[in-house]
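Every chain is named by a letter (A, B, C and D) in the order it is written, and numbering of its residues begins at 1.
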């Protein structure tokens, strides 16, 4: 009854190539029946949410502020936290696994936070750390998510 | 595309009568097409979640710890926060409106927190405060939720 | 070596009479050798901090934002949290005891939060709750603080 | 009236050489009249606090739990947050600057978090990042802290 949750983290700005990867990641998460959790704003988050929604998936956005309209339009369930960027800690550890795409220091904080709580982090072109599991393509996520069921 | 979110708050222990009201509240939230948000544990939270799920609804549980198995079995989407009872602030302000059932000081903190952020709180036998809107029965929630669409 | 910490909570606006009580509370906390913790902003917080500083005491302000200049001028140690009003949970439970003066729903949330964690709350004209210990005058705090040493 | 605050971050376990550096850092912070903020537990945090206290300084520990006895014995002001490792976000951004010593992923999360909020981070053998300002020795902190006054 409890659904599998997959967090997607990455920059709130991103180039087109990264957006394509993010959208593909979102699509795969949805196709595998998992819920996509993110920080709910723009860039990687929005692209991933768009991908998930295009495949009929469900998306949760955990946003910094108190106004749900700040979330991108592809977030189905907007959790307004009001705790600012400390919401990164919840995005990073609130789900079953984390998929990291390119991002800046906010993304780094999320990777650090997830790893410090022994959460598995899968990297697609993001910060490279010894314990980040590097993926060659989004397709590899299918097996990872299947393994969580 | 963004769903209506309704938080249900109340004690982690409750008597049978309160559980019945909570279950009814959950059922109505689901029937009105809204997502039920709660603290994800026992008592009022569990009864409300059971009601929502029995009516085919979707439930989000924002839990204090890092272990998703702590959530009750009727939570579909478990957000593990790891921030302890500070998660009350997110349950109280993370959704569109709050429905308050009987509870102790944790519930009081949520009511205070919601009201301090101008979130509307509907009371069903909970702490009475000047700005808590008292309902006579769960049925009255239908109109309230309809008004949010 | 660990100092006694006393949180003072109350409205960010207050009338003159309340400000006088708050200032007296701050002075007594300082005279008894304890550190005054508050939300660091205006009203009751500022008056209490002014009282503590006037008596040579030390004050900690746990503020919602990231800019330390938002704290009132009588805060010695400004902790910028960036977590918004969720910082109420830290003001309410981060110290040894809580002294509650008149305030609105933010103050109520702090009282509820403190009581839910079994923290002792002493009331001076604030929200009346069964487990809030009502004081007749700030002077009674001397004995309370002495008892913590 | 507002004091300069310096956060010291690093592992909750550390080797003797790192402890010596941390102690020296704490001593310098105290000698420069700043308050030392840390996560309040063991390892780097404890060594830095010991250094600061040995030089007559003041130390603040922002700890994960609700029990102040969990803080190391060199913390003067223990803020019990109850928010678990999300308190890292407050240690990282609650003060004027951050000094990073060797640590694991918790330390990395703090560096990422501080940098994402444009807080200056000074590194002494810690994670190397483009925007971490590398110091050769703790002595260099004197000038940095002086520049904040």
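Descriptive notes on the structure:
Note that a contact is a pair of C-beta atoms (placed from the backbone, for glycine too) under 8 Å apart; a residue touches a chain by one contact, two chains touch by 3 or more.
Keep in mind it's a predicted model, so treat the numbers as computed, not measured.
Taking the mean of C-alpha positions as each chain's centre, the chain lying farthest from the centre of subunit D is B. Interface comparison, A-B versus B-D: the higher number of contacting C-beta pairs is recorded for A-B. Computed from the mean C-alpha positions, the centre of subunit B lies at a distance of 39 Å from the centre of subunit D. Averaging C-alpha coordinates per chain places the centre of subunit A 30 Å away from that of subunit D.
Chain geometry summary: the mean Cα position of subunit A and that of subunit B are 26 Å apart.
Residue positions 66, 81-83, 85-86, 89-90, 117 of subunit A are each in touch with at least two other chains.
Contact topology of the protein chains: fully connected, every pair of chains touching. If you check the complex, the residues on subunit D that touch subunit A are 85-86, 88-90, 104-113, 115-117, 129, 131.
By the touch criterion stated above, subunit D contacts subunit C in their complex at residues 1-3, 5, 35, 37, 53, 58, 60, 62, 66, 68, 71, 73-83, 89-90, 93-96, 117. Of all the residues in subunit C, the ones that touch subunit A in their complex are 66, 81-86.
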